[in-house]
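Below, chain A partners chain B and then partners chain C, in two separate complexes.
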Partner chain A sequence: MSEATATPRGSTRIGAPAGGRSAAPRRSFLRPLILVVLLVVLLALPIYVEEFWLRTGFAVFGAIVGAIGLNLLVGTTGQLSLAHAFFLACGAVTYVFVSGDSGGIGLADLSGLGLPPLVGMIAGVLVAGLAGLLFSPIAARLRGIYLGVASLGLVFIGQHVLNSWTSVTGGFNGRSAPEFSLFGFTFGNRDPELFVVGVPFREAERLWYLGLVLAFLAYLFARNLLRSRPGRALQTLRDSEVAASVMGVNVQRYKARVFLVSSMYAGLSGVMYALSIGSIAPESFGLELSILFLAMIVLGGLGSVGGAAAGAVFVSALPLVFQRYADVVPFVGGAGEGGLAPGEAARYFFGLAIILVVMFEPAGLAGFAGRFRRKGRDPGGGRPTSSSSAATDSSTTSVPSDRPAQGSTS
Partner chain B sequence: MDGMSASAAGAEIRSDIPSVDVENVSVRFGAIKALSEVSFTVEPGTIHAIIGPNGAGKSTMFNVLSGVYKAAEGQVRFGDSRLDQMRPYQIAGIGVARAFQNIALSGGQTVAENLMLGRHHLTKAGFIAAGLRLPRATREGKIHGERVAEIAEFLELGDKLHTPVGVLSYGDQKRVEVARALCTEPRLLLLDEPVAGMNAEETDRMAEAILEIRSALGISVVLVEHDMGMVMSLADRVTVLDFGRRIADGTPAEVQVHPEVIRAYLGSGDEINPAEAAEAAATGHHSSETPGTHS
Partner chain C sequence: MTQFLSLLLNGISLGAIYALIALGFVIIFKASEVVSFTHGSLLLLGAYSIARLSEPLGFFFGAIVGIAITALAALIIERLIINRLRGAPVISLAIVTIGVDIILLTELIRRIGSDILNVPHPWGGGSVRIGDIGISQNRLIATIVAGVLIALFFVAFKYSSWGVSMRASAEDGETAALMGIRLGRVSALAWVVAGALAGVAALFLVGSPTPGVSPTVYTVALRAFPAAILGGLDSTGGALVGGLLIGVSESLASGYQDQLLFLGRGFGDVVPYIVMIAVLLVRPSGLFGTKELTRV
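And now, the complex of A and B:
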């Protein structure tokens, strides 16, 4: 404070903008370094690990994309949505329809456009976005939990459509997803045969890289978004809609936009889900999937992009790992044996983990990492992660009493 | 530094600062009439205080001015704009900024990030430009970041730019509120109790900053404040509210001796006595700087 009083304050200081110091955040070197190391490890992994882990990895990458998208909506903006599964379904169904072939399999008479898978993927994202756009006027007018309830309806509509629109979705039995390919390079076992340092790169290896690239791009986009103008507007409107609007943020428009972006993320996640499983079925896109995604972002840390990714790894990989190691993990039995089914065991585990997180580290895995990083560093010296913000916000920001009842801005 | 208030006389006259005309504004909350037919005019480039006991309707008036509440009756004009018919973000867009009485900052974001929000209506980067880090978005962020750093420096927040707001002291948070409003480059600045909870020294410095804002920028300032000494030494004009009604309007010297005002304040019992305020105004101690108190 002392030097501020020592310098004379005059019209030059506040009157006219002049260059000089910037409010741009100082960045530490550690973060990018960790990111680079992580990327290198992930890139090299297919050479060393077996197929099971690569397939799990692709499923995880898909979940990461979806979780990052949901986190933008729920964690960053404070808008609850239970409709994430619906938007995943939009992406998945669009992909199998656009890139799948027409033909009758068994009882069902399927129609498909047979377009290149890349077109199908893009169409999946766009159709999910369109669905999000159609719902966004509602999303713009509702807040928090109310949006959660309203969005629930979409899940049921989605289930109905999936079950009854047989020619597109395959109906109750579902429909297989066409193999992905990119300009003639297929993400299957052949075509072309591929060896890297003597290791055959088959479907699992190829999909791993596809997933890695998509998840990384999704991560970068969200990070950039949060660090800039729209991201700040979203975070502020979570903390106080009145403050945001008085500062010039068109609250309704931003709520609609973030809903749209979140649904597009879900659409891509849905396409990846279809590729990962190899098929789509109505039961995959029920309310439970929405809840799993919420579990990911709560465990990972609301508002943190990296946290959402970590939560997605945890939640989507655990059931698969339990399944594989059913004989080793206590209380878990394989099919037909005693003990819990792997999926069920994983659910109990998440339940427990969520309770622990809410009790001890509301900022989730990201908060945990942040705490670890802050050790041995001067307080306030580093740039705090956006993750720790999510947790501290509600507690540190007083709710202004000179602010009107919610919703009076609209 | 006795010349602090004198510098007000030298304020540049800006032609783009219109007056604010509040005409017969009423606001009701069910049975409560928070404002009843209140009128006043804020002349361009002046510091206009709104005072009154707790619950008098001061913050409600600010909520009307910033578009958060709709007036049941009456009009609010700011130049050609009808503030009573506009949405809050549109009002921000024409240069009306507000610092909240109860801090409404994002506690987990840094000071710089909170201040950058003030630049929202001056900047353009949308979801795509920001997400893809298009050069124009990055450039825009950098340019506005510099101005934000200047304003932070002006309000003695320069060394706290990268500190999360949630860990700052109350006085610092209050300053961030004011700085954020300033960051919108307002033509009309609404300050709702900017020194509430500050100590005497911080209060003096905030008073000084408000005077400088007005003299350097030539903008109008509407000030809600309970600190009578500060009101009397800063304000060019004072509007007094009590139970939602305007009971007086005039220069500080006029309202101070107004019988209704004295009655309202004595009646509420919790306010400072007018004689004390008069003394503060006469000595002008709120605008003077005491050297030596800063290490």
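And now, the complex of A and C:
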């Protein structure tokens, strides 16, 4: 049996000629349209909604970037990694160190380079990538589950470093993150004061657009990567390493590269996290964060870029929404009021959702979407289409012939 | 020298506890191909139920019932979820257990709250001195019990029909099934045994020198992962060696903390992971794990 997560690929898998015929024209028209409408709505949103949602939005964009990166590693290439929090921490710490100023807060004596934030962001991405590259020789030697546990170790080592290397990380109490700015334009409340159609554009609004741009670029890059030659190679790697190497894929090198790319994504996500919270602290980058990211991509659908984004929105926004509407949502109450705390309620929900998704819909949200699309197009539902989630759907028995036998897929 | 011997002894006793947890981990992997990330919260469940039950039931009954509850929880997880996913990819199975872990851990942490629950061990917090070397009574008893349990396990694994069927199904599940071995039952029993071992480990983990039941027990349990991995996930002997290795190195690193201060305070907690990564660099399948053969 292959070690791959035998989740079906979303639309990114081409090479399913059997079904593409009937659906192709309509779909190629519909998808960009949805994307454009979504973009317009997202662009216009800061004019209408209040600050809370914009702040949540920026955090969500950061999570989307991270989730897409992890998905490349776990979903596409089938390398289970719990080290994502570590790479996020690398990015966040580097940003804070490179762009932060030296000086002492309380007892801690902090050092910083005081370079422009853009340099800090790029450095954060690069350092995280470097960390991924350094780990990749270990990763490339380990198979499947051994990698999962070894990467677990990285998180704890990272925690230790964050706690002890006080001059850079701020130690146990963490340190604050410098405001982002781009060529003199700050993403803060002032400087310059800005009004768009009468709405003051302050920190939240500006960060929203920054997040939107970064997340969108991250999405495009991952999608194009998956459709290119390296993307195909990575998917083959997941399905069978032996087959991949027989086909001329250099297994070690591709594993190292996917680790590099994935941890660079994590680094960017870490920088965005630091910007969104305004500070970093060791406890934010614990195992729990890695698990949340895993929850995002599992719920979204392993291997699907759009699914990862959807999962990230869901997982990172849910606790905040619970918190905001604690008095409306059933069972959720403030701490000490007998009900569940919002964070707890959200965790129960994620845990349950992960179990249910793996048991009943391994393709996650992306699978649901695929099923929905298929139904709308083809009421009979009997014919599998290029959306290969048909392959897991036990009711549609005719599996596209190009799929390799993968043991049981559920 | 005295310090070294004392650290070594304490390390071995800690290692024995790790070995119990790691052994459960390995049994589960052998029987059902699942890497159980629920083990940390199972351990916490054991510690919590023992602490809560030993008040009304008395220590011994409380401990027994607590261990039974842990085993039962493991059984329920296996029956409800793992058994239905037979044949699914290893990674999916691992992810499912992470889901279970999130739920169980959240519930336990919510119940524990900010209390520190204590287990009233009848042997108390005293320590024993052998010559110049001191060790807490709790740890000494833990070492003995763990030794007996591990020995019993190895005998059962080798000679009992359960052991034989388990080894057979780990070797080749399909053939074993054709020979009339009921894989579902083997796997269920493996989870029960692993749960019970985690319960026993929990019983000793919350005694001196560790202070009571608190969510940190969970992170202690996580250090048994490196033990299982570096011994080789499918090797029961490896779990034992791995547990001892991790226990001793952790104890030494904490003991010589002052000399290792340049590495930061609390370095001992990280040592298990560093040892694991170092071992995996040299032997990717652990010390005694079966190397995966690739045939085309």
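We take it that the second predicted complex is superposed on the first by the 346 of 410 C-alpha atoms of A that agree within 3 Å, B and C clash if a C-alpha of one lies under 4 Å from a C-alpha of the other, contacts with A are read in each partner's own complex, and residues count from 1 in each chain.
Definition applied: a contact is a pair of C-beta atoms (placed from the backbone, for glycine too) under 8 Å apart; a residue touches a chain by one contact, two chains touch by 3 or more.
Owing to the predicted nature of the structure, the values given are computational and were not obtained by experimental measurement.
Undergrad: Figure out whether A:49 sits in contact with chain B (first) or chain C (second), or with both, or with neither.
TA: Neither partner.
Undergrad: Report for A:247: first if it touches chain B alone, second if chain C alone, otherwise both or neither.
TA: Once the two structures are laid over each other on A, A:247 reaches chain B alone.
Undergrad: Touch test for A:236: chain B only (first), chain C only (second), both, or neither?
TA: first
Undergrad: State whether chain B or chain C is in contact with more residues of chain A in the superposed arrangement.
TA: B
Undergrad: For A:225, is the partner it touches chain B (first), chain C (second), both, or none of the two (neither)?
TA: The answer is first: A:225 touches chain B but not chain C.
Undergrad: Output check: A:113 vs chain B and chain C. Expected answer is one of first, second, both, neither. What do you get?
TA: neither
Undergrad: Between chain B (first) and chain C (second), which does A:321 come into contact with in this model arrangement: first, second, both, or neither?
TA: It touches nothing on chain B or chain C.
Undergrad: Could you say whether A:168 touches chain B, chain C, both of them, or neither, answering first, second, both or neither?
TA: So A:168 meets neither chain B nor chain C here.
Undergrad: Looking at A:156, would you say it contacts chain B, chain C, both, or neither? Reply first, second, both or neither.
TA: second
Undergrad: Please write out, lowest number first, the residues of chain A touched by both chain B and chain C across the two complexes.
TA: Common to the two interfaces on chain A: residues 1-2, 4-6, 242, 246, 408.
Undergrad: For chain A, which residues count as touching chain C in their complex?
TA: 1-7, 74, 78, 80, 137-138, 141-146, 148-150, 152-154, 156-157, 159-161, 163-165, 241-242, 246, 287, 291, 294-295, 298, 340-341, 344, 347-348, 350-355, 358-359, 362, 407-408, 410
Undergrad: Which residues of chain C touch chain A once you look at their complex with the stated criterion?
TA: Its residues touching chain A are 35, 81, 84-85, 87-92, 94-96, 98-103, 106-107, 110, 222, 225-226, 228-229, 233, 263-267, 269-270, 272-274, 276-277, 280-281, 284-286, 292, 294, 296.
Undergrad: Enumerate the contact residues on chain A facing chain B in the complex.
TA: 1-2, 4-6, 9-11, 13-15, 17-26, 221-222, 224-225, 227-233, 235-236, 238-240, 242-251, 257, 261, 303, 380, 383-384, 386, 388-393, 395-404, 408-409
Undergrad: Sort out for me which residues of chain B touch chain A in the complex.
TA: Touch list, chain B to chain A: 59, 62-63, 66-69, 87-89, 91-93, 97-98, 100-110, 112-121, 123-127, 130-133, 137, 140-142, 145-154, 156, 158, 160-167, 180, 182, 184, 192, 205, 208-209, 212-213, 215-217, 289, 294-295.
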